[in-house]
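As written, the chain order gives the labels A, B, C, D, E and F, with residue 1 at the start of each chain.
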Amino acid sequence: MKYVDEFRDAEACQKAIRSIQKDATQCWSIMEVCGGQTHGLLRWGIDQQLEGTVRLLHGPGCPVCVTPSAMIDTAVSLSRRSNCTVTSFGDMLRVPGTQESLLQARARGADVRLVYSPLDAVRLAKENPHREVIFFAVGFETTAPATALAVKQAAHLGLTNFSLLVAHVRVLPAMEMIASETPMLVNGFLAAGHVCTVTGFNSYEDLAASHRVPVVVTGFEPLDLLRGIQQCVTLLECDNPSVVNCYERCVNKAGNPQAIGHMEDVFEVSDREWRGFGLIANGGLALKKEWAQYDAALKYSIGDSLSIITEDCPAGQIMTGRMKPVECPFFGRNCTPEKPMGAPMVSSEGACAAYFRYLPANHIVRTSK
Amino acid sequence: MKYVDEFRDAEACQKAIRSIQKDATQCWSIMEVCGGQTHGLLRWGIDQQLEGTVRLLHGPGCPVCVTPSAMIDTAVSLSRRSNCTVTSFGDMLRVPGTQESLLQARARGADVRLVYSPLDAVRLAKENPHREVIFFAVGFETTAPATALAVKQAAHLGLTNFSLLVAHVRVLPAMEMIASETPMLVNGFLAAGHVCTVTGFNSYEDLAASHRVPVVVTGFEPLDLLRGIQQCVTLLECDNPSVVNCYERCVNKAGNPQAIGHMEDVFEVSDREWRGFGLIANGGLALKKEWAQYDAALKYSIGDSLSIITEDCPAGQIMTGRMKPVECPFFGRNCTPEKPMGAPMVSSEGACAAYFRYLPANHIVRTSK
Amino acid sequence: MCLAVPGKVVRWIERTPPFASASVEFGGIRREVNMACVPSAAIGDYVLVHAGIAISVVGMLEAKRLLRTLEELESIENDQDSTEDLLP
Amino acid sequence: MCLAVPGKVVRWIERTPPFASASVEFGGIRREVNMACVPSAAIGDYVLVHAGIAISVVGMLEAKRLLRTLEELESIENDQDSTEDLLP
Amino acid sequence: MSQFPINCPVSNLVDDVVTLAHGEGGRWTRRLIRQRILTRLGNIHLEELSDAATLPKMNGAPVMTTDSYVVSPLFFPGGDIGTLAVYGTVNDLVVSGALPKWIALSMIIEEGFPLLSLDRVLTSIAAAARIAQVQIVTGDTKVVPRGATDGIYLTTTGVGELIEPAPSGPRTLEEGDVILVTGPIGQHGISILAARENLGFDPMPQSDCGSLWNAAEALRNAGCEVRSMRDATRGGISAVLHEWADSSNTTIAIDEHAVPVSSEVRGACELLGLDPLHLANEGTMVVAVPGKIARCALPALQEGGRCPMAAIIGEVTARRLAPVVVRRGQFAEIPLEEPQGAPFPRIC
Amino acid sequence: MSQFPINCPVSNLVDDVVTLAHGEGGRWTRRLIRQRILTRLGNIHLEELSDAATLPKMNGAPVMTTDSYVVSPLFFPGGDIGTLAVYGTVNDLVVSGALPKWIALSMIIEEGFPLLSLDRVLTSIAAAARIAQVQIVTGDTKVVPRGATDGIYLTTTGVGELIEPAPSGPRTLEEGDVILVTGPIGQHGISILAARENLGFDPMPQSDCGSLWNAAEALRNAGCEVRSMRDATRGGISAVLHEWADSSNTTIAIDEHAVPVSSEVRGACELLGLDPLHLANEGTMVVAVPGKIARCALPALQEGGRCPMAAIIGEVTARRLAPVVVRRGQFAEIPLEEPQGAPFPRIC
């Protein structure tokens, strides 16, 4: 497949690895922001091959992982209403709330459905005029335009039985939070390429300058990842904390104006609680007043609720790069993808799940069957 | 079982048969009014054994058979509404309307349920507060008290999701209509014992006197039936057109005052169309104004509709005693219980179905498989 | 439309209409029946049950009378003797 | 959360947002994709598709540039020779 | 493109119910099989856990039968869907004159089905298999999304070995043959109906669900020549007699008073307007033997076959128009209606 | 006492759909069987219409397998539930080294299921049985109330006769053995997913649903010693390899680039975030042969077995911690995840 296979070329990858190994004079800590990148790194064994050269830290890159359990509880309680259908993406359904996940609610009779696109939820609402269809909208800026288009389609179609439980998050405030940690654990960032496809990367200049941290916009194929790492190492080696785009075929500096337009028509920036992080100022998106009729929180009178974090899982440590999954005392023992203790082990993009799946064979801690 | 087995004693029955044969000087035409009696006569072979002695005519005794097809169409259309559940007794579900039966509607997705008692429909409404439960109330005066109690229970429970589609019929006006036929085909009536359990039999005096036709209140077991026939023959032989109660263990002259009370609290006499008969003055029961909230016809704005009878089935001839089922040109050929052309072949109490099932083996016209 | 079966009242459960009910025995089994129309039925009485409600109390004396009437038929008949040819 | 795949635009179906859509080819198959965010995409262009919508047009020149950069790495590297020990 | 039904692995499984992951063939399926199925049904063939069981060679002709069990309710007085699924298939082999040997068990379970209920069903299957001396040699488990089934459906397929001489078959029925039943009829039909509709009967009528092996073996041991045996399941005695009469071109005449019926079934039938001849049985069969064998067959069933209530209920007569007739005392013979479906209570 | 579900005979049957009366064992069931089933599947055993089929004696050891088919949608490009039910069970016998002979077919049908759809399924069953040279010797039909199932479920139980020598089994896999597949993988999984979710793919990906008899027979004809064969159904190649690695205590290493995948499956997998190694197949098997046999097995499959795309995809190595590893070009070997359930599309 064009624009896929070329960027998986094994020989080219080996060369890039050698180039990085040659360039790096010290073991830099580089954080890939997006969970998709984490998976790519592990799936292709890049993590292993760069061991000792670069320390890869896995960022907050899974919106599923950072969705607060109280929000999931809300979705679960909506799904239990007799006339409501709650829809969301696959991984979201498996994340435990304080009591249970949406899938568990479903196994107990709630109407919960998996959709491929927010637009499918609109279609479901159109086809089922007697049911209230709620889309549990999670995702970074990559996904927010799709949700925005869903709301616009619902408005065009005059649907009154469609609404959103919005949990969209913004990636930059979380990166700023990580960069503000003292001591600072991250030497450089691989910015999430598909988020930047929508948003561009103008907004990273301040972050890079104020924290003196290079930010490299990076794609997801092995060559893209290696090119991003290589660029980051280069910037670090010459102490140049600037923003560089290594995913040029998909990302413009200004982003996608139509996507931004749809997103900004429908959403406004708001504070949001991130699981493992706490409340992040400007860390999320909320529906603008003029779309209030599509807001499930208003439609069903759901109050704000901050979760009291009482979980044993040190997910915050993982997602801020302070701890690697294998360093978690529960990893692979009490906590496995089958019986996850925290969100990073649930989502297929969660760092712990990625580690569990793709760790080199001789490192794997396999639970007994 | 007490009060059952004694009345099935074969030897006693044989004696009663011989007694009738001895008493009858001519072949009297006696109409049993109730379909249950028809079945009893055929199931026990009484019909065969009295052949040549008494001509048994099968009356209008199946409320299912006489429910107009337009009424069934109404029930079918209610059952197709997404939030409605239509309930009724088993045989009612199988009677074709102009398009289909309730069972056919159910096979196409409508919510139709069979109940054993109207009180079960109330329970269903109580257990399913989000559904509209409609009881399609058919039956003679025997059943009307049960329906009346259902309405009273619903009122006590404060249910707002329970209503009735009332098709209750009264037996006396139909008997009067039959007795008024010229030439008069019926020499004597076996009045429906279980109707009389509720209503008593005062009201038959006028009928008997004005048409000079004996009326014998008769039960359902073979000895009861034979005793009724015997009494009727006796009255006919001595030209005594009076009303005699041969079902004394269950029937009082004045009926059951509590049952009448419940029935009259809830229902008032009204005109009603009978399938095969046309409109019969005072031929049915309707909800009184004060129970209007339980009237599905009002609740769902259903207009009156008289069916235009275009059916080939000569059901009216059958039910007024002018024709015996075997005399119908369709019987057993075009019309069988599997593919009924008319209501008398559908209901397990319908005269045609009874004939089809219980005709002596050597008379049966069996359709090829 | 009028299938009704006699059963023996075994125990009153509730006395107030429209919910009045009793446990009634039919052959080897018992079940609960609405009794709103037969408030005077006593334990041991037989009631006639239709569509889940009792519509009358079965009169024992009247039942016996009917059976006796038929026995009388028999004795009348026994005076005569043209029987066999009438059996099927 | 950002699985996105490049596919080739084969045919525009509808031009008006929010329902704008096109048939897009991925490997051996095609499917309809919302195009409201890539109004200028032409037949033959590759678009990046996420959650049923196209979020950008893939730049051919930029792709080539990246691959060329890596080829250059290769030529630089060819000047040296410590390779074998680094393979797994 | 519409929504996806959730057919994904449930990572954090609900602990006390069956989930879709249990049916996906992966780790959870294996765990379900190991922890719940093998512990109860295990034998050397099943424990192979291969796609197919390789079985010992047979001497006699193989006899094969299959039935799906979709009973509602799943649990009823006298049995449950598990007992039914074993005895039903065993009995089909037994009445064909075979020695039941192996059973393949396929389960279709609804997501959300309580694991405790599954355990109960599996325990019943194990007990019935032990009693009937058959092995569950291979199986399959599928889980369907909530709402797509009624808790659990079982399909059992049985393989047995023909014991010579086998019954000559219903085609061979002839005038003068005698019809027997092995016990009181209608128990299962009434039990299911009462439990499903919560008819509030007291006592709850018990199903007759059980193996017919002893009865068939007793007839063989007594050297009784058997024309035909048939477990009188759906459609009851009436269905069996109609089929036999039609395939032998005879008319079968039954004496109603000779047919054993318990007082519970009697009472329930009067109340609900049902005829016991049309009600299902699950451990009661109809047997046709030559007239001269009746003297031998009845005591064989009552004693060796442990069927104390077995009775002669009628005989085969020359074909008339009605295939089956019922005699009620001294009344006329009345044709018996052919069952057209599961009987249901009438009030009319 | 609650309402009765309508399990009564429908006198005036809806003409074009299955009704409860069709499943009640009476006249309507017989009519369904005679008019729709026997006309398509008829053979001397099935036509007996007895409770059990008495079959010819067998020489070899009997092999028995069962599976329920609950696929959604019922019809998909390349097959339907009927083809699946025949080939799935035939293939389980084939990979066990048996000659498939007889199939018992049990159908659970939802009230309201169109008779035309039933005819289509039965016609597919007949065609598949003809191709696979098996007879449907006995069967059962149940109808469940509307809403209680998803149109139709089939359960097939197959009996075959072991052909000696049979594969030595997955326990006997050893270092140096070679792993082959008989064709491109993931076709069935993608076909089902695309059809069920109405993903609007063009062309609609085709299922590989078909018999593996030719492939197995070609290996036998070529005299290839086979360690193990397995149809890679639920869980795909990955599930088979995990099971084999665990039972032989080896690690199986696969070259991703060597695994045949069609461009349709490739495109769909990229789009939906799926791995073809985890997708179901219904006419494609994995074969393990000793290393020295690979030279003989591959051409045997490609030519005699009519599997032109058959390929060697990996080999058995000494046990490491991961039971299955995947090599991607010159990258490191990465453990292959064990399937935990049916893969579903991710956007994340």
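The criterion applied here is as follows: contacts are C-beta pairs under 8 Å (C-beta built on N, C-alpha and C of every residue); 3 or more make two chains touch, one makes a residue touch a chain.
Heads up on the chains, UniProt names are A, B = Hydrogenase formation protein HypD; C, D = HypC/HybG/HupF family hydrogenase formation chaperone; E, F = Hydrogenase expression/formation protein HypE.
Model, not experiment: these values are computed from the prediction.
Chemist: Quick one: point me to the chain whose Cα centre is farthest from that of subunit F.
Modeler: For subunit F, the chain whose C-alpha mean is farthest off is C.
Chemist: Name the chain pair with more contacting C-beta pairs, choosing from D-F and A-D.
Modeler: A-D
Chemist: Of all chains present, which has the mean Cα position farthest from that of subunit A?
Modeler: C
Chemist: Counting shared numbers against all numbers at the contact of subunit E and subunit F, is it over half, same, or under half, different?
Modeler: Homomeric contact, same residues on both sides for the most part.
Chemist: Give, as an integer number of Å, the spacing between the C-alpha centres of subunit E and subunit A.
Modeler: Subunit A and subunit E have C-alpha centres separated by 56 Å.
Chemist: As a quick test, compute the distance in whole Å between the mean CA positions of subunit A and subunit B.
Modeler: 70
Chemist: So, what's the distance in Å between the C-alpha centres of subunit F and subunit E?
Modeler: 29
Chemist: Rounded to the nearest whole Å, what is the centre-to-centre distance of subunit D and subunit E, using the mean of the C-alpha atoms as each centre?
Modeler: So the centre of subunit D lies 62 Å away from the centre of subunit E.
Chemist: Residues of subunit B that contact two or more other chains, please.
Modeler: 1, 4, 14, 35-36, 45, 48-49, 62-64, 89-90, 114, 116-117, 120, 139, 143, 337-338, 349
Chemist: What parts of subunit D, by residue number, touch at least two of the other chains?
Modeler: 1-3, 5, 26-27, 31-32, 50-52, 87-88
Chemist: For subunit F, write out the residues touching at least two other chains, lowest number first.
Modeler: In subunit F, residues 1-6, 8, 10-11, 27-28, 197, 199-200, 266-267, 270, 330-333, 340, 344-348 touch at least two other chains, as defined above.
Chemist: If you look only at subunit D, which of its residues touch subunit F in the complex?
Modeler: My answer: residues 1-3, 5, 7, 23, 25-32, 49-51, 87-88.
Chemist: Going by the contact rule at the top, pick out the subunit E residues touching subunit F in the complex.
Modeler: Those in contact with subunit F are residues 1-11, 20-21, 24-28, 50-70, 72, 92-93, 95-96, 98, 102, 104-108, 137-140, 142, 144, 147-150, 153, 155, 157-160, 162, 166, 169, 196-200, 230-231, 233-235, 239, 338-345.
Chemist: Okay, in this complex, where on subunit F does subunit D touch?
Modeler: 199-203, 205, 262-268, 270-271, 273, 330-333, 346-348
Chemist: Of all residues in subunit B, which touch subunit F in the complex?
Modeler: Residue list for subunit B touching subunit F: 87, 90, 93-94, 96, 100-101, 103-104, 106-109, 112-117, 120-121, 123-124, 127, 337-340, 346, 369.
Chemist: Given the complex with subunit B, which residues does subunit C contribute to the contact?
Modeler: Residues 1-6, 8, 17-19, 26-27, 34, 36-39, 46, 48, 50-53, 55-56, 58-60, 62-63, 65-67, 69-71, 73-74, 76-77, 80, 83, 86-88 of subunit C touch subunit B in their complex.
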